[in-house]
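Both of the next two complexes hold chain A, though its partner changes from chain B to chain C.
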Partner chain A sequence: MKIAMLVPALGERDAIGTDALEMSAALGRMGHDVRLFAAVNTTGMAAASPDAIDAFVERNDDVLIYHFAFGWPPGVEILKRVRCRRVVRYHNVTPPEFFGGWSEEYENACRAGREEIAVLAALGCELYLGASPFNVDDFIEAGVSRERTAVLAPFNRLSRLIETPANLDLLNELSDETTTWLTVGRLAPNKGHLDLFDAFATYLDRCDARARLLVIGSEDARLSRYNEAIREKIRSRRIDAHVRFLRGVDDSVLKAAYLAADALVSLSRHEGFCVPLAEAMALGTPVVALDRGAQAWTLGGAGLLWSEPDPSLTAAAVERLRADGKLRSVLRDRGFARVATTFAPDALEAQLATVLGAFR
Partner chain B sequence: MNPESDEEFLERAKAEIRSEAARLEDRPLLERRAPSQQPTHSSASDGIEHNRLDYGIGELTDLHHRAFAEQAFRALLKRRPEQRELDAQLALLARGATKAEVLGNLRYSAEGKRIGTRVGGLLPRYATAKLRRIPVIGYVFDWALTLAGLPLVVRHQRATEALFAAGDAAAADADRALSARIDTLDATSAALRTWLGQLQSSAEALGVAQNALRVRTETLESATETHRGRLDELDFLRQRLYALNHWMHHLNLAFAEIENVAAQSDARRDAAAANVALASVGRDATRAARNEAWANQFFERVPDGGSVLALACASDWLALLAARGARVTGAQANAALAESSRNADVVIEPVSEREALRRIADASLDAVSVLAFSALARGMPAIDFIGEARRVLRPRGALMIAFAREPEALVDALTSHGAAALDPDLIASALAAAGFTDVTRADADDGTPALFARNAAS
Partner chain C sequence: MKRIAIVVQRCHESVAGGAEALAWQYARLLSHAFDVEVLTSTALTHTTWDNELASGVEIRGGVTIRRFPVAITRSPYWNALYHRMLDATSKSRGGADTGVAWREAAQEEFIRFQGPYCPELETWLRRHEADYQAVLFCTYLYPTTYFCIAAVPPKKAILIPTLHDEPPAYLPVFASRYAHCAQRIWLTAAEQRAAAKLWKFDAGEVLGMAVEHTQSVEPERRRRSYLLYCGRIEAGKGCDELLRAFEAMPSRERISLVLTGADNIGVPDSPGIEYLGFVDEKRKLALMAGASAFVLPSRYESFSIVTLEAMAQQTPVLVDAHSEVMRDHVEASGGGWHYGTREEMIDKMEALIRLDEATRQRMGEAGRAYVLERFGEERIRARLTAIVESVANGDPQRIARA
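This part shows the complex of A and B:
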């Protein structure tokens, strides 16, 4: 079967690029003729221009998989005109409200992306493939019947992270009696960093005055107001000496941070999947998270999940994790099981084969 | 009792965390410390027992010289001596002062009194030492005490001689052990020199490897720089992409609005034309008789209850076919005409004639009728229609083509699309050429041309 993988912007290390590249590789192993198409490509992989897509998937039984994470009218036009079967791979679009007051540019782009959900739903594509049930709900609300939807977690780099040796310098540096909090994800308003800093300050004040917080994630110059708000929060809560930003990290540093951390804390308010949760589970790091977006589904019971970003609750959860070996053990076992059954490469490949089985 | 399941355990842990969180604010506020700060050492590590204020004199006098003086400061003043203080006490001992005098000097100094350490048996010994320092009386007292203690001094002298003899023997043993140790160290030193030579060789090899690594690092740094440039480029392109998306979205909205206005205008125009056309058809006095006659001829070729696709016709023709027991499907793209054709016994597809034919499977109809063939021919070439009719009709299926002024043809005329002028005889020839049989022309009494034919047998 010929399968065209269409991605507006293909990057090697971002979640969407990783999903598209790994999914292509998996489909190739299944014996399909897969070709990548991207308007922007910064990977070393070969990817053709979207203009060439019609010539590739010309038969009714070919398949086009379109990765949708923000508004891209050319993608809609391609889906309208091709004659093959169409799959919308949905990674979620952040609602524009999260960017209100922070970035007009992001607010407009997200609004356009959210409005495109209805447009794509009306096209009547053969399958709407969400990275989580939370994502699928967007299309069901837009009128797509549940029979035309399926859930498949994103293909990922967990295997590579597990196999990569951890950075020993960082591991040594962090291996002391000090409590280490970790948060991973780009600095954006929906990610809940301001709540996180409040919770961490509470922990310093009441539980461990020497604790540290590692923040792994890139700053976005277009979110300068939000970046400044983060700096102001750190100053006002007097936690400067305890918060450490790690930017541009490679897998070895990322792995060392996960291994040294007492908990990965994610107070994000909107996630279509949240890859860091899967990474933490794969490496046995306990998770404390907010029950918003897809985070509950991604964790699958393998973390401490709270319905509100209460600083005391978050701080008490980390303190309990530090003190309770059985709790850590139960969560770790559940996390390993969750990864093995749902996020491991062979599990994902089997699920993908099942989903596409209807197309044979 | 059943053991607690993981689920129950987690629920219990979460409940306990909640209650602990509620009590968190009651805890005292901790003083912040930098994460790398090491915990302060306990006071016991410097040998000062701050809380102990009671000693026996033997505990303090068992030690000698410097160790004695340092321990005296730690026990009596609870601190280490400064160097000059230590030197002064050692000089006192060198001048023949007793240990009791040194201890007393410290204990009964202003600092020692403030701390108040008790030393059992110190006071009489200290007083005796001080008495010996008084001129004349002290000298006599010292002589008297020395004479009284002479037997004890002699015994101490003998014990000291024995102690020195034992010390000489121990020193000789230590000297021999030391010589042996020096021999061992010499051998070890020779081995170390050998290893050192080997290490120098290894260091040279490491130097070569280090140079290779440096070259590789520089290459990697160069590659990293290139990669960083590409990331910057990606960021720039993403920004442009976001902006482009925004513009495209608004452009699409504008186009949609324009198309919506145009569609509304078309709909109004089609509705008006349809009203005029339907009124015109209603005034056609010969219409009912003509249709009745054509229906009679048509149903000679259609089996009872047969499936009929009726194209380019008005509602009266559809009703006539349905009344005669046919399963009728019509097609009407004009919304107003479709509404006028609505009939409980007829299925109206809101699509063009071409699309209606395209949706029908091969050899699945008993008959096809077209009343205004010129209107149909505007939307699809006559030759294409004949081909499609051949495909959808069963073997021996009936085809009727008339050239009447049906509402659709009138609407075409009113909306300036114009109607195709077609010669019935030419169409008859085309039907025969396409494989239709029994092609007959049966014009109505008012002269409106009509053709009847059957699909080929196979």
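This part shows the complex of A and C:
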């Protein structure tokens, strides 16, 4: 079967690029003729221009998989005109409200992306393939019948992270009795950093006055107001000495942080999947998260979840994890099982084969 | 026939490791009552864990061997982790507080990179555990046991730890992971005591390993009376101590020290020291039968089949008292002596050379009786089969819990 993989912007280490590249490789192993198409490509991998897509998937039984994570009108046009079967691979679009007051540019882009959900739903594509049930719900609410939807977690880099040696300097530096919080994810308003700093300050006050918080995630110049709000929050809570930003990290530093953390804390209010949760589970790092978006599904019972970002509850959850070895052990085993059965490469490949089996 | 699996880090005729020999022996003994599969890695060499064998299936002696690739081979990174692990376990081992605290994730990183890490083996077990009525996991230390045992319901898992009092055993994740399983098999009472000390649980059966060569053989006649050592000749086995002690024996000009096995130490070309290289089983047993004493100077032994083989030949044995396992063997049998110091070692080697016949016969008979009674193949087979049967039936006579 000929399968075109269409990605507006293909990046090697971002979640969407990883999903597209690994999914292409998996489909290739299944014997399909897979070709990548991207308007922007920073990977060094061969990817053709989207203009060439029609010539590749020309038959009715060919397949186009379109990776949808933000508004991109050319993608809609391609889906409208191709004659092959169409799969919308949905990674989620953050609702614009999260950016209100922070960035008009993001607000508009997210609004355009959310509006495209209805447009894509109306196209009657053969399959809407969400990275989580939470994602699929967006299309069901837009009128797609559940029969035309399926869930497949994103292909990922968990195996590579597991097999990468950790940065020993950082691991050694952090391997002490000081409680270590970790958060991973770009600095964006939906990610809940401001709530996180409140919770961490509470933890410093009540549990461990020496605790540290590692923040891994890139800063976006277009979100300067949000970035300044983060700095102000840290100043006002007087936690400067305890918060450490790690920017531009490679896998070895990321891994060292996971190995040394007492908990990965994610108070994100909107996630279509949340790769850091899967990374933490794969490496055995305890997780405290907010039950919003897809986070509960991704964790699958392998972490502590709260329905509200109450600072006291979050701090208490970290302290409980730090003090309760049996709880950590139970959650760690659940996390390993969740990764092995749902997020590991062979598990994803088997699920993908099942999903596409209907197309044979 | 019920199907069971035995998970072990390596499995190949060329592999000489004790735990691997144990796993294969159990596979062989159980194959009369069960459809046995051995699940293992494609590695041959425990210092590299390189993928030297093909992944896939081999049938050997009626046993199916499934090999899975190693994803992480040994690297300098693991060596760095190892040295840090010594710091991380120092306080619990009674040493200095180094201030190093490893979270469970870091402890598991050490286990994963120690190797052989075989994620496809873990996946196989998760998908196929329903096909096996019981799964035996051999050697606590390796990721093939640590990660794969979590892929099997505890009610089906039988752990054979082959535990030693060694630094990695103090990592808390081991005790946590192995606290719940259907049954545990300890090789010796000493190992069981070590578990009580290190892991705070010791439930399970002390079973041991069958001594396969117990038939009495004609002793080899040599020109001089001799002391015998068989096995890897290396400092880690105490062979340097043995050579120095022999050199210091007053009677050394009238006797010999005979050594067989791989020479990793450079056996000196010295009067009275006879290195015979590798010898076959038949000659090894004949050498044992003809020796004045068999000496095992190793401090770190989990069972020592070779010592028990010598005892089966009615030969007195001399062992290092620092090894609880070996001390237990000689104290429980009366078939040998142990020593605590170098001087005591020399004195007892001298005494064993000059032993009167009546004492030699009494010790020899006691040693042979001990081996046959406790480690005869049929006895081990019957007890092992009963243990596995009870787990496979979902009705363990005694559930091993922390």
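Convention: the second predicted complex is superposed on the first by the 360 of 360 C-alpha atoms of A that agree within 3 Å, B and C clash if a C-alpha of one lies under 4 Å from a C-alpha of the other, contacts with A are read in each partner's own complex, and residues count from 1 in each chain.
Keep in mind that, in the parts below, a contact is a pair of C-beta atoms (placed from the backbone, for glycine too) under 8 Å apart; a residue touches a chain by one contact, two chains touch by 3 or more.
These numbers come from a predicted model, not from an experiment.
Asks: Looking at A:118 after the superposition, I want to know if it touches chain B, chain C, both of them or none. Which is it: first, second, both, neither?
Replies: Neither: A:118 stays clear of chain B and chain C.
Asks: Return the chain, chain B or chain C, that is in touch with more residues of chain A.
Replies: Answer, by number of touched residues of chain A: B.
Asks: Please work out whether A:358 is in contact with chain B alone, chain C alone, both, or neither, and reply first, second, both or neither.
Replies: So A:358 meets neither chain B nor chain C here.
Asks: Could you look at A:108 and tell me whether it touches chain B, chain C, both or neither (first, second, both, neither)?
Replies: A:108 sits against chain B, while chain C stays out of touch.
Asks: Who does A:30 touch here: chain B (first), chain C (second), both, or neither?
Replies: neither
Asks: On chain A, which stretch or stretches are contacted by chain B in one complex as well as by chain C in the other?
Replies: 176, 326.
Asks: Taking the touch rule as given, give the residues of chain C at its contact with chain A in the complex, in rising order.
Replies: 71-72, 75, 77, 80-81, 84, 88, 99-106, 108-109, 112-113, 119-120, 122-123, 126, 147, 150-151, 172, 176-177
Asks: So in the complex, the part of chain A that touches chain B is made up of which residues?
Replies: 8-9, 11, 39-40, 42, 70-74, 105-106, 108-109, 112-113, 115-116, 176, 178, 202, 204-212, 222, 238, 241-242, 301, 304, 310, 312-313, 315-317, 319-320, 324, 326-327, 330, 334
Asks: Can you check the complex and tell me which residues of chain B touch chain A?
Replies: Going by the criterion above, the answer is residues 6-7, 9-10, 13-14, 16-18, 20-22, 24-25, 27, 29-37, 230-231, 233-234, 237-239, 241-243, 245-246, 248-249, 252.
Asks: Tell me, which parts of chain A touch chain C in their complex?
Replies: It comes out as residues 159, 162-163, 165-166, 168, 171-172, 175-177, 258-262, 283-285, 325-326, 328-329, 332-333, 336-337, 340-341, 344, 346-347.
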